[in-house]
Every structure is written in structure tokens, then in C-alpha cells.
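Take a look at the structure set out below.
Each chain carries a letter (A, B, C and D) given by its place in the written order, and its residues are counted from 1.
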Amino acid sequence: MLKVNNVEAVYSKMILALRGMSLEVPKGKIIALLGSNGAGKSTTLQSISGLLSSDGGQITDGTVEFEGETLNGKSPDAIVKSGIFHCMEGRHVFPHLTVEENLTAGAYTRKDRRNIQKDIDKIYGYFPKLRDLKKRPAGLLSGGEQQMLAIGRGLMAKPKLLLLDEPSLGIAPLLVEEIFENIKQINEEEGTSILVVEQNANVALKIADYGYIMENGRVVMQGEVDRLLEDDEVQNHYLGIGTEEDQKEVVYKSKQERMVW
Amino acid sequence: MKSILGKNLGNYRTSYRADMALLNSRNKKIGMVILLLVIFLLPMFASNYFIGLMTLCIISSIGAIGLNILTGFTGQISIGVGAFLGVGGYASAILTTSMGYSFWIALPLAGIITAIIGGLFGIPSLRLKGLYLAIATLAAQFVILFIIRRWVSLTNGTSGMVLQRPTIGDFALSSNTSYYYLSAIAFLLSAFYAINLVRSRTGRAFFAVRDRDMAAQIMGINLFKYKVMAFAISSFFIGIAGSLLAHYTMIVSPEFYEINVSIQYLAMILIGGLGSVFGSILGAFFITLLPVVLNIIVGSLSGILTDLSHILSAFEEFVFGAVIILFLIFEPGGLAHMWSNTVNYFKKWPFSY
Amino acid sequence: MDFFLQILVTGIVVGSIYGLVALGFVLIYRSSDVLNLANGEFVLIGGYVCLTIMTASNLPFIVALLITLVISVLLGFSVERLVIRPLKNAPVISIIMATIGLASLLGGLVHMVWGHRTRTFPQVFPSEPIHFGGLIITPVYLWSFITVLVLLVTFTLFFKFSKMGIAMRAVADDAKAAMSMGISVKNVLAVTWAIAAVVAAIGGTLLGMINGVGPIMATIGLTVLPVVILGGLDSIGGAIIGGFLIGIIQNLAGGYLDPMVGGGLKEVVPFIIVLLILLLKPYGLFGKGGAERV
Amino acid sequence: MKSKKFLSLIIGLVVLVFMAACGDDADGSGGSGDDQEVTIGTLADITGATGDTGTPYSEGQDHFFEYLESTGGIDGLDITHLSEDYAYEISDAQRIYQQYRDRDGVSAILGWGTGDTEALRQQVASDQIPFMSASYSENLKDLDESPYNFFVAASYSDQGRMVLEWIKDNHEGGDPTVALLYNDTGFGRSPIDDIKDYAEEIGVEIVDEQIIDLAATDAQSQLLNMEEHDPDYGIIQQTWAATTTILRDADTLDIDTQFIGLNQAVGEGLIDQAGDLSEGFMGVLTHALPYEDVPGMDEYIEYLDSQDMTVDDINMQHVAGWVVAKVMVEGVKNAADSTDGEITGEDVLAGLEAIEDLDLGGLAAPVTFTDELHAGTEEIRLGIVEDGQWKAITDYDSYR
């Protein structure tokens, strides 16, 4: 459904953030994109959703294809209309709008105004907490509640593909579990494809079907979740299993291996 | 380090002192000498009218340098320059006319008094940023002028005060040329001071405050001190400019210092280049001479468009606005940036890569 | 007592005009953090256009006003497109200066097109004052008061319930996130400027009926700044309440303090309030402000 | 590379300035024949704050000089008239003044408002250039401070004194009470102290003073305060806009004070702006109204005819401009008679001071200047608006 082919992206016309990034999201699946800080995960999502330009970046090479259509050069609002919704890192709810208004804003691109109220109720179904808070300005919500709102707001656009950027960031571990369960549930019930970017590989791999691991602006490893979970290197480096020394050594080794291509 | 051609291809400095020196290259030294010669020999070649214009330009330059220290260096926007020019002018008028001091004492005192009042108005800048500070200074503009109008016993109210041209012994600087020299000296001192300020500890603190004041504070820069200092130093220059202007026109009145004066000064530093001393000067010349140029253009067009001379001022206003907008959009670095681009282009010529 | 009430009423009706013009500032500031110092010129152009249409064509007032509003929409669009959009990433001072430049440009243009003379509006509202008990109100003032209330309600509903209204608030809150919703920030800004120009034109028309239309009218732009500061730059209700407050305070100062200080305080008192407000409550009575992150 | 284009545009402009600046020295010599040459510069406000009255005033001047030229000018004299709009901005006035003085070498200047007149009076004194403006401020009468300033009509103070005189003579029933309404500028405050002094002298009571801004949208609080003192008369020292505001709000508040405007509040423009509200408003007439049948109008109408204009196209400000130019030319004529060489500012000063009882054919009161007095007259008429027109109700008269 979504194909990112060999994308190269730069910021400020000089800082190379992606160097030949490729990935694929099949219909109805959850794909996890893992990697350490600065690996280019967020940039990947931004190149897909077109938000790259608002941070002064641009795609200089490669293509992003969605359902056979090239997205390169399309404006963010056109991309949302074609069915991709990007939940940005750090939640970015509208602090002065109420919860319900935030949800309405999510449905901005939809033409079927009549069904919006029904869908809002459905979101409350996924995230019952939000129903109690619906008149409250979103700025006053806790981090976890804001994250739920951000995801719910994304669903309001009825996207075919949901891009989630670090949904676990800055949220209490218990809530993280809950949110990821919700994500899974949404995927199953709505059939929405999901591309989730995470540093917290544990929770992400728990719900994902397939995973990519990024470093230095490109994919260094990919595979079915089960296979990734079994991989030593992934275990050491991303899942925090094994001793500290182990990790260092492995990282060092693996980097060297990988650099040769 | 000699290159094959036996010529230095660049400026190599072998000590910090050399690096910090004001005129750190031979070209700059030569340029400086030429500039000084041009400034001091100009009256021999140029017409009286041209000297008069240049006097206005360099007085404005002093004010523009002052404003740039505040707005360009330190990032504090002020829309109240007009009123501070007024404070300088009135201080000078009161000191010389009512209190009988000599101009030579009144000039620096006018600067100091303006600096004190400017510093006072700078205190709110600690809490106010950007737009809000701009509006506070705008309010200061109205309030200061109101006080000048009302404090009749001190300022003679709306009818203004009369000043005299300064004298050296028995010689009064009443000619265009003599006043030009006076202003030119004040101008050179101001420019020299401002260029040095940029390179000093204080200057760097100003830049830090501009770029991120909270971060600057964390780095140990005393925000309060430097913000108030920026207001004070900036106002000192503006006060000097106000005093020079007052003695040039030999009169002060509240109508001299309305809001449009503040806007002109802001336009000078924006078009000249924020944060650049050289830019302030270019901008001051540009804005002062703009109406003159338009006048000439309209005059030469008057054969075709006879009606245009009647709406000349409106046309000036229009062009003034358009120039500001065009600069902001196409050359936010201002004239100073254009200048350095041009210079760099010729430096590398013919190998521009 | 009559004296006090009359001054109060005058303050309220004058304040309603202030509120109306202040609304133009607030609308733009909310969605793009730009303080439009050319607002006064927008008011002026609105006044001139409506007056010109009315005197040139004998159209009924309402039709002339509607045409004026259409022209204002175009003005707003073009200003946004030509001046504001190219500066979207520029620092505050550049944008303040750009609107000052715009004010100068538009002011010059108005001079070139309409000349220098103050023109009077054809009579639209009866000039006979209305008496409420001992109180007296001129119909134009009454109408501007009603207009302001209508606009206040309209905008409140608009921002609360309409898709565009919510989108505008979303952009004001977080432009990038709004973009990710598929909201076209460019379009929203263009619409904002158009609405602000429309509000200004209504203000200009009403003001023109009170004082005639002449270049001096543009000074309302500066006169009203204290209102916006008092109410809070980003609060629509604040603009309107601030308008009333400044109108009332100004007239109370004029009524009670002016005789003591020898007059002239009426015009300065708003700016004294600005200094006080900025010192005590920088974001105004109803503004939201916001903490800055390092 | 749009910035490159922009750069070249700027460079082009800069080059233009310098070319222009250098080229200007050349002119000034080589006139026609043996005529004495004299240049007169006008500082006009066309687009500025006082443009509504400034424009007809400057047009009146232009028209007089054109008229003069069309009638063959003055024998042996070649008068050049320059006019530039300074938009009531002091910095512009300063620049244009320098240009007139240094580049064009003017021998006299026709100024306009209080702003430019005040701002330049020191400089014209030290540069010895007579400066004749429409700012009738009494303090310009002080020849120690303003030795080169002239004006042709009665000063604001004299106008105010005359109004008080008229009130005293014509008030019926009891002692008259008067309020003063003015703005907080040099222009507004100029006559106030003199009016108060004179009122005390002749025993008219000033019961109140109100300050109303030139751009005020309302004056209700001030008028309510004034009403507390219930004055019989209100003397207005304002421009048309503020006067209209006063008249409108007085009407709204049912105030029955008789308002009397000094000359800047008076004129056809007020009737245009205030409409019916101006009925019964009184004011000072310093000059003839265009539709009045006075001898001085003949040459005026002759000129207007040649321009396809009628008296309906002009107003009292236009007449004032015409008159001031006429008086100036008279002074220049005297100067030319007394000197053979170049006519300097000093010569014009002497020429103006030689003007005695210059009959303006009813366009204005006769003008006299001496080396002790640079205010041409103390005489004014009073007028009233009736049926949408100003009508004079007195003859030219002075308070003395």
C-alpha cells in the first residue's frame, strides 16, 4: 500500500537526514520502525506526510508511493485527503481547544459532516477517559490522555494509513501498555494500516507484524517480528536484554559489519 | 606562510591581539584612510546643499547606530526612538538655553540624560518580549511627548524652545560646513565605539541576549544588567543625535519627535541591516536620501506625468512602504548584506567558486 | 448622576467602535502572531470604498456595504499573499516592520487615489439623537454598538462551531499540527486576513458616518492598540470588552480628571493604561500568553 | 536570482542620487537678459495632516504666480516660483528648506502651518530668508525671536481679542461667559493666554477651557464638562474636523452655546463636513469669500476664466493663498526697486517692511509691515453660516 523507495532527505539544503531509506507498509498491517535517537525515523514519517517542508527539509531523491500514486511534492493537506494521517511526536494536541474540538479538527478533511458525531462517540469507545474530559481544554490533559487524544484525532480523519511517531514518549509505563493495546484494537477493528515509530522496541514489537530497524538514515535490518525478537543483536541493542558489556561489543561489531555494503 | 607567488593569499594572524585589532587587514586600513579623507575633504568638492544633506545623513546615522545596538544587537524592539531623540534635543535645549551651559557640556550631558531615561524605560524589557515590548515603547513615545507638551515651565510646552549653534571661542559653527565637521567627528566616534562594542564582552552578551535570552541567563549573563545597559547605551547615542539635530535646526518642539520619526529610524536599521554598524549607516543614508532621489526622479518625469508632483509626498510614502516590504522579503540582511555580497563577489572575481 | 451616566454611555458607544477595530488586530494576531499595524489603513480604505460606491452609484447603503466587503476580502487576500506569506519564517521585528511598511504604502496609495479632502457620507442613519430618559445617543453610535454585539456573537459561534473557525483556532494553537490534520495553513491565514479586512471595513464605514472619511481616520489604528493590549492580543471577547473599558475609562478621565490637569488626558490615558498593563499583567486581562521554553 | 536584480536596482538609485547631488551646483547662473532674478519657494501641505486646508492654500499661491506670468509678469523682474509638498512632516520641511536655501537659492519662502514655521524660524533668521506663512501665531510677532517671519492676516490672538470685543458689544442680558476649545498643539494653544488676558482686561469672564484632539472621534466628555459652566459662547481654535466633532456633539447633547471659530475653524470645508450642524455657527473671516463682489476679485476671476474655472471651484483658503503670494510679490517688487544687483533675502525683508497700507481690493484687510511689526493687520470680519453659506456680519475691524 505504501512504498518508500530509496528516499534521500535533507534539512536546510545541507544536512542529510535520510540516505536511501526504503520501507513498505502492506494493507491492514502494523509496521514498527525502530532505531535510536537521530536515526531518521521521524524524518521518514515526515517525508511520507509532507510535513518535512514545514521544518525546512525536502526530499532530494527517491519516491514515496501510496496506493500507486506518488506523494512527492504534494502538500500535507492533499496527503491527508489521500488517506494518510501523521500523529506527530510529542502529541501536539491543540492546547486551547477542548477535547471534542480537537477531535472535530481531526475530521477537517472529511466531507461527510453528518457522521462526525458518531465517530467521535466511537473514539470515546476506544478511549473512555476522553469522554469524561470532552469539555476540557486539551492543554490541561495529562501526557497519556493527550496521546490518546492525538491518536483519536488521527482516527477522525478516517485514514487508511496512520503514522504514529513515538506514542510512548513521556508517558507512564502502565498507560503505554494501554495505548498500544488500543492501537492494536483499532488496527483490527478499523482495518487501518499503521506505521509506528518507536524507541521503545519492546512494546512496539509486541503489536507489530513486521519491523524495520534504522540507523544513520537508512534501514539496517528488517524482518517479521518473531525473527527480529529472536535476533541477538536486536535483543542486545534495542530490547535491553543482556549485559552492558555485551551490548557495547555487539554494537561495535554490528556497526562495522553493517557499514560494509 | 608564503604562497608560490610570494604573496599572502589571505590574512594570517599570529596573535590574538592581531586578530582582535579593529583594522585587521591591510585593505581595511587603506579603506579607512580613504574613508576619512573622503569625509574630511568632501566640503571642498561638494555643494553647500550636498553638505547639508550629508549632515542630516550622518546625524541620522548616529541615531540609527544607537537603535541598532538595542534592536539589532540585543533584539529589543523599540518604536519610541522619536521620543528619545526629543529627550536628547530638549535636554540640550534646556541645558544651553535655560541654564546657560556651553554646548560642549550640554552635548554629552544630553546623551547621559537620555541614557538614564532610556534605561528606565528599559526596565520593563525584563518581563516583556517581542511584540509586547514594541508596544510598551510605543506607549513610552506617547507618554514622553505628553510630558514634554505639559511640563511647560521646563520645556516651554508646545511652542518649543530656541537653541543656538555651538561656538568655539568667538567662532560660531553657523555654516553648513562647520556643522558638518562637528557632526562628522561625533559620527566617527560613535561608529568607532559601536564597532568596538560588537567585539567586546558586552557586545557578545548582547548577542546572546538577542538570540536566546533565557539561555543567556543560564550561561551566567545578568539579563537585567545587559538589557538595561542596551537601552541606556542605545539611548545615549540617540540622545547625542537628538542634541546635534536640535542645534542644527536651532529649535526643538514636540512636533519634531512624532511617531513617524520612530518609524523612519526603524526603517533605517532594517533596510541597512540589523546588527550591523555599517548597515545602520547605509540605512540612515538610504532613508534620508530616498525622498531626495524620488524628487529627482519625479522631477525628470514631470514632462510626462505633470500631476505627479502634486502627489509627490503621497508617492514618497508609497515608495517608502514598498521599499521596506521589498527589503524584508528579498534582502532581509539589508544593505550591509548586499554590500558584503558584492565585495565578496569582487574578491573572488573572476573565480567565484 | 446624569453627568456620570451620560459619560458612561458615551464611553460605551465610543468603546464599541474601538472594540470593532480592535477585533481586526486580534483576529490576525490569533492565527498568525502578527500585529497588523496597517489595520488603521484597512479601516481607512474600507471607509473610502464604501463612501465612493455610495456617492458614485446611488446604490442603497446595504448593497454598497456588501460590495465594500467583497473588495475588502480581496484586499485581505492580496496582503496575505504578497506581504505576509513570503515572511512566514521571519523574526517578529521584520513582521512588525512589514506591516508598518504596508501602512505607509496603503496610506500613500489612498492619498494618490482619493486625495486629501475629508469627505462626508451621505446620510444613512437619522441624525436626530435618541433620548432614553435623560440620556442621549446618536443613532450611528447606537448602530455601531449593535454591530459590535452582532459581530461578537457571530464570531463566538463561528469559532466555536464552524469547521473553518475551529481550523483557525487550531492553526493559532499549533500550525504544524494543524497542517498534519490536513488543514491548509495558507488558506486559513488568507481567510483570516480577509475577515480582518472585512471587520476593518465595517469599522471604517461606521467611523466614516460619524466623522467623515479623511486620511486622519487611519490614526484609529494606533488609538486602538491600548484596547488590544488591555483585552489581550489573542482574545476576541477581550478586544470587545477592552474596547468598552478603554472607551469608558477615556471618557471618565475626560470627564473627571481633565478639568483637574488642564485637559488633554483623554487621549493619553489609554497609553498610560498600556504601560501599567504591560507591567502588571503583560498578556492583558483575557490573553492566554504562554510560557517560553528554553 | 531575484536578490541580484534587487541589488542592481538599489545601486542604480544610489548612482542617481550622486549624479543629482553633483549636478545641482551648475544652475543658478545665466538667466534671461538683464532681468533681476528672484526665486520664491513654497512649503505646501498637500498630503499631510492639514492637507484639506493646505491644498487650496497652496493652489491659490500657484494660481497667483501663474496669473502674474500670464499678464507678462513684472518689468525687469524674473520670478521663479517653486512649490513642494512637505506633508506636514518637520523632517521633510527641514530637508526641503535646505534644498531651497542651498540648491535653489531662494530669497523668500511661503510657508504654511505652525509646525514648519516654528521649526524653521531660527534658521530663516540666521540665513536671512523672509518666511511668510499661514500660521498666525502671536509669538511670531516677537521680532527678537523671529525677525524674518511674516504673516498677512490678523494673529490668532488678535482674532480672539476681536471676538471677545464683539461678544462684549453685542451680548444681550447680563455678563457674557465664554469657554475656550482648542487642541494640545502649538497651533491650538497659541492664542489662549492672550485671549484670557484680554478677557480679563475688558471684563469678559472665561469660565472654562477644554482640550479636544485634532483627530477626536468624540468630544462629549469635554462638552459635558463645559456645560457644567454653561457658557454663552465657545471660542474654537481648531481645524474643520475637530470643529465638526464639537458642533455635532454639542447638537447631540442639546448644548445651546454659541460657538465662534477662529480662522482655521472657518471656511467652506466646515460647511461641507458639518452640513446642517454648521447653521448659525459664527467665525472669523480673515479673507474675502470667493462669491463676494469685491474689486479685488476682478483679476482673480479673469484668471479663473482662463483656466475654465469659476468662483465655485475655489474657497477662502484659496483666496488666502492668492493674497499671500500677492503680498510677497509686492515685497519683491519693492526689493527690486531698491537694489540693482542680486536680490537677497535681506532685500526682500526690506521690501516687505516697506509695504504700507497695501490695498488688496477687499480680498483681505489692507496690509502694512514695518521694521517693528511683521503682522500685516489686526483687522478681521466676523461671519455666520446661513443657508449653507458664510455671510459677513461685520466690516474689517480691529479690537483696538
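Note that in this section a contact is a pair of C-beta atoms (placed from the backbone, for glycine too) under 8 Å apart; a residue touches a chain by one contact, two chains touch by 3 or more.
Remember, predicted model here, so these are calculated numbers, not experimental data.
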Partner chains shared by subunit C and subunit D (touch criterion as defined above): B
With subunit C removed from consideration, the chain sets that still hold together: A | B, D
Central chain (distance from its CA mean to the mean of all protein CA atoms): C
Of B-D and A-C, whichever chain pair has more C-beta contact pairs: B-D
Centroid-based (C-alpha) most distant chain relative to subunit D: A
Computed distance of Cα centres, subunit B from subunit A, in Å: 52
Mean-CA-position distance for subunit D and subunit B (Å): 35
Mean-CA-position distance for subunit D and subunit A (Å): 75
Distance from the mean Cα position of subunit C to that of subunit A, given in whole angstrom: 43
Shared-contact residues (touching 2 or more other chains) in subunit B: 149, 311, 313-314, 316-317
Residues within subunit C bordering two or more other chains: 111, 262, 264
Shared-contact residues (touching 2 or more other chains) in subunit D: 46-47, 184
Pairs of chains, among all present, that meet the touch criterion: A-C, B-C, B-D, C-D
Touch list for subunit D against partner subunit C, complex: 46-47, 49, 51-52, 54-55, 184, 209-211, 213-218, 220-222, 224-225, 228, 240-241, 244-245, 248, 251-254, 269, 272-273, 275-276
Residue ranges of subunit C touching subunit D (in the complex, touch as defined): 3, 6-7, 10, 14, 17, 111, 115-118, 120, 127, 129, 136-138, 207, 210-212, 214-216, 219-220, 250-252, 254-255, 258-259, 262-264, 266-267
Touching residues on subunit D, where the partner in the complex is subunit B: 2-3, 6-7, 10, 13, 16-17, 20-22, 24-25, 46-48, 84-87, 89-92, 94-95, 98-99, 101-103, 115, 118-123, 126, 137, 139, 145, 184-186, 188-190
Complex contact set, residues of subunit C against subunit A: 163, 166-167, 169-170, 172-184, 288
Touching residues (chain side subunit A, partner subunit C) in the complex: 49, 51, 54-55, 75-77, 79-81, 85-88, 92-97, 101, 104-106, 108-109, 113, 153, 157
